[in-house]
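Have a look at these structures, which come just after this line.
Look for chain A in each of the two complexes below; its partner is chain B in the first and chain C in the second.
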Partner chain A sequence: MTVTFTLNGKQVTIDTIPGKRLADVLKEDFALPATRPGCYAGVCGTCAVIVNGELAHSCLIPAFAIQDAEVLTGEGLEGTREFDEILSGFEHAGYRPCANCRQSKLLTAYVLLTLNPNPERANIDEWFADQKCSCSSLTDIYKAIDYIVLHRRSASRGRK
Partner chain B sequence: MDDVSKTFIDDLQVDGMFHCVAIRSRIRRGTIREIKIPELPPDVVLIQAADLPGDNHISIGGTELPVLAETNVEHPGQAIALLCGEDEFQLQRLAEEVEIQYDRGDPFSLTREFKIDQERYTRTLTTGNVAAAFEKAFQIAEGEYKYEPAGQAPVSPAGAFAMADSKSVYIATPTRWAFHVRNSVADLLGIDRERVVVKCTRTSRMDTDCLWYPSMTAAQTAVATAICGKPVRMIATAREKELLFTRRAGCIISHKTALNKSGKITAMQIQIISESGAFGIFAAEHLDRLCLAAPGYYAVKAVRIDGIHITTSAPPANIHDGIGFDGGFFALEIHASRLAELHDEDPSAWRLQNLLPERNLTVTKTRAGSTPQRKLIESVIDISDFCRKYSANEIQKKRRQPSAPIPERVRGIGMATCFHGGGFISDSKANAASATVKLSSESQLSILTSSAAVPVSSAGMYIDSASRILSVDPAAVQIEPTDTSVTPDSGPAVLSRNVTIVSRLIAACCQAIQKQRFRAPLPMEISRNRHGGRGRRWDVENFKGVPFSPLSWASCVAEIELNTVTYRIDIRGLWISLNLGSVLDERTAAAIVENELLDAFRMCCGYSCAMDPKIQFFQKSGASPAALSGLTSNVFLPALVSALSQATGAYFDSLPISKALFFEYMET
Partner chain C sequence: MAANSETLKVFRPRTLAELLSLKKRRPDVVPFAGGTYILYGDTKKYPDIAAAVASMRHLEELKRIHRTERYIELGAGVTLSEIMRIGGRIVPPALAQAIRTIATKPVRSLASIGGNICVRPQRLTLFPVLSALEARLELREHGGSRWIPIARFIDQTGDLDISETEIVTRLRIPLSEWNYQCYRRLTDGPVSDRHSLSFCGLANADRGVLTDFRFVFGSMDKTILRNREIEAGLVGRKVPLLSRDINAICASFEELMQQFQSGFVSPFQASMAQKMLRWFLSSIDN
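After this line comes the complex of A and B, so read on.
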């Protein structure tokens, strides 16, 4: 079947089998290697992408379901101010997720901070609970998110 | 095949590559009667045991695992045949259409009523006059503990890639033991080991503590590439990962303890039944470690341990960090808390009263080096306010009327203490290792070891150590990718060998370079080797000597609140004190501790829980770094279960803790 959707801001069309998972579509049809399907069961969280503004497990989304959807991956967010702030927050806090889960953790932080600019510890725990790769500690995630929140606050004061 | 160290195995592709899919057993144990294969397209190749060029097995952990089952299947997921072809989806569909008829056998389980066929390895240890001590005992306490943990399926991809030319066979796989992969492939193909080149692909932290699977898939893909004449890649499916990677060795331990009037232990009688799945992989290592941990660090003059390792109809277990010590201390520390309760004493005071005063391990009767256990216990009870909280919870528990409904929320606090060691104790040859460090004329430092790729934190540890010794910028230190044709054999990267063995070799290389760097011309290359034998220090036959050098130690207090309606456990407080000799990188060590706590809780309860642990490291300057991985979960789980027992008033004695188990214990 033919599926048309928006990928990282560009409209794209693919000819695919309906049941092919979005994770495989991104990897095989668009050579976007940062999306890393691990369990194909919505458990490990390393295949996270943003679909219509919401964080989603791309390994559980069949190709037919992305017709007309807006799909955003880490590659599509690169270069935006918000994404750079998250990257520098991670770097500043010494939070270095492994290559396998890096994109999904960046996207998790991005969506969390978009929906809740000043998250509590419990919010962070809740959002990152879906990230099962234990390459880095929760303490470092807290530090990174705290840094980004503070940085954004001081930057917005500066802009005013 | 160039550098694959930055590539995940599922991203590795070459033109004309075949995929390989395994047809696996769907039953636990039995005999294959007939295999009905659907009609195969002409470009699909079927490989069965009879097609293998060499002996149909790989040797690992003191046993032999069949590459493809011939007549008998011993566990679910055991590979029976391979399908190779261009289209992976087509192969998976064909594999599902294969019908296998079996004569089913009774599956083997971990039980006290095991069959004689299951017995693999035994160990009996006796010290002192146990019978006399039990005759004189003021009290005798007994308990049976079952430890059947399950690990987490790996997050990053697993599998292997093989290709061949006229000279060599090239393998790429995420493995912790590249040289074992090389030797397994060479032996199966019947070729010289030097003709097989193994490169390690990218992976995530602690993802592949399964030693046998990479060697097995590499052997299978190597055979497939030899038969098909094409490069072949095999990737573990989600189902295969769940089935084959989550297995951990389990045990049943029965403790019978004699106490005198003042609550001191006078004798211990311990029976251990351990298992590590089909074929008894690492049977001796698992059981020997259990025997070492079972009496712990308590002062007891008479001990008898009867251990039996059995096979079960489960996939072969991983050799995770802390293997053996986990089940041993789980049983001992829960039992110790019960002994304290039996004697109506605070568990921390009871432990301090019963700790070994001299520096001896109970079973081996030899010096354990510096023993900071008392200090760790005192520190952890002090910062957690354990004694007050324990007494308050006990009063609350005793005030509850037996007929009254249990409150919706109950609290408990528990503690545990344990020690831990890195490296193998049953097979000293597995501790052999080599490492090389090169300093170029441009002052670039290269570290060559086959133990750098997994776990990924090892590379950072080596770089920090080298840059510190040689006072060079960490950016100027490079870890060469694991490649058996270039890097020396550093042995398997499990049981904290990277910390306790390989990092010391690298440090020794760097110290040698430091001595010569301003006297001898550059470039300079220094290698250091560790021979497998532990010499006179550890006598595995008689179980005497120093099994680990150095030991690491930990004490933990866990405070919980249990919702008795939903049976959900929340961690209210967690305090852990560790002594690891010297800590190479405190931040990385703290991250490992935090992650282990989260993983252990998830493994125990099946869900995640927020926790904010208070971690204290006690260090001794100049001491060698000791093993960390596995220590945290080994000390946390008995503390958690003891807290749960106090909260509920029911004696929890097995792991994992399911909600059905709660219902059963609390209703009865």
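After this line comes the complex of A and C, so read on.
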């Protein structure tokens, strides 16, 4: 079946199997390596993408359901100021998630900070606690988010 | 490849009227909202979906939220994330607590409230809390509609009481004030399984007297357990409840549970249900 949707800001049309998972569409039809389907069951979170502004597991979305949707992956956000701030925040805080969960951690931080520029510990827990990767702890994530928040605050004072 | 991944027939109704007309012609078509129940936990590369589905993601009529002083009305396609965004001040806290226990945020951004209550093989997380809140459902089909209390959405065998041509379109949740409300779920993971147990308790007390009380258990099987006689027996008692009142209620409840022990609840679940009820009764003070 033919499915048309917006991928990283560009409208794309594919001829695909209706039940194919979005995670596989991104990997196989568009060769986007940042999305890494892991469990195929909606549990591990490594295939996270942003669909219509919401963080979602791409393994839980069949191709037919992305008709007219706006899909953003890590590749699509690269180069934007917000995303670069998160990247550099991770670096400066010494937080280096493994290649497997890197995109999901970055996208989660992006969505969290978009919705809530000053998240408290409980907010961070709510967003990150379910991400099951042993490469990093919540303490690492707190440090990284705190760094980004402080950096953004001082940058915005500088702009004023 | 799963047999139906390639041959899956997908309909994309643009309006509710189109969907209802489709269901009249093709009752076998499965409405597909978030699809999380179907895909969650299915680890195959190509998941088994259904022979024919109607994608409901474009039906704005099912995504509306309407609030009055007395109730909040949610379209069946409203996602669990959207409900949480409305916020705890409007959404009854017990409902918000229940939603928070469902899977993870990225899953809740896909899962819809209608999907949560329309799963046929089992009653999922929101059923007990919506039952306690006495939500009402609008069921529509081509040329007609009806509103029913959620308690009447399941028949005596525990199956959903909905015809093949009907779909749930709206849920109306009363915004009554409750001094005490809680939702607890006993489970060993983010997804309900046959060992799960959930409990919703609501209570009002005024000048030291219990004026209203509801409790509902769900075992994640097909049955929802609520007993209005036991509830009514508590109304009018002084709070905090005396130990002997609590013991009497728990004993009545134990009898009730025994009727369901053949398959509905395990002895462990029955014991935990007793503890949850006792804890809730004890937490009601003045």
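Things to note:
Following the convention adopted for this analysis, the second predicted complex is superposed on the first by the 160 of 160 C-alpha atoms of A that agree within 3 Å, B and C clash if a C-alpha of one lies under 4 Å from a C-alpha of the other, contacts with A are read in each partner's own complex, and residues count from 1 in each chain.
Everything that follows uses one rule, which is that a residue touches a chain if its C-beta (ideal position, glycine included) is under 8 Å from a C-beta of that chain, and two chains touch if they have at least 3 such contacts.
None of the values given here were measured: they were computed from a predicted structure.
In the superposed pair of complexes, A:Cys39 makes contact with chain B and with chain C alike.
When the two structures are aligned on the shared chain, A:Arg121 is found in touch with chain B, with no touch to chain C. In the superposition on chain A, contact is made by A:Pro18 with chain C only, not with chain B.
In the superposed model, A:Met1 makes contact with chain C only, not with chain B. Contacts of A:Leu150 after superposition on the shared chain: neither chain B nor chain C is touched.
Of the two partner chains placed by the overlay, only chain C lies in contact with A:Pro62; chain B stays clear of it.
The residues of chain A shared by its contacts with chain B and with chain C are 39-41, 43. Chain A meets chain B in the complex at residues 33, 36, 38-41, 43-44, 46, 94, 98-101, 121-122, 125, 129, 132-140. For chain C in complex with chain A, the residues that touch the partner chain are 1-2, 4-6, 8, 10, 12, 32, 35-36, 39-47, 49, 53, 55, 57-58, 79, 81, 103-107, 109-110, 190.
Across the interface of their complex, chain A is touched by residues 6, 8, 11, 152-157, 202-207, 237-238, 241-242, 456, 587, 590-591, 594-595, 598-599, 608, 610 of chain B. Residue ranges of chain A in contact with chain C, taken from their complex: 1, 17-21, 24, 39-43, 45, 48, 51, 54-57, 59-62, 64-65, 67-69, 126-127, 130.
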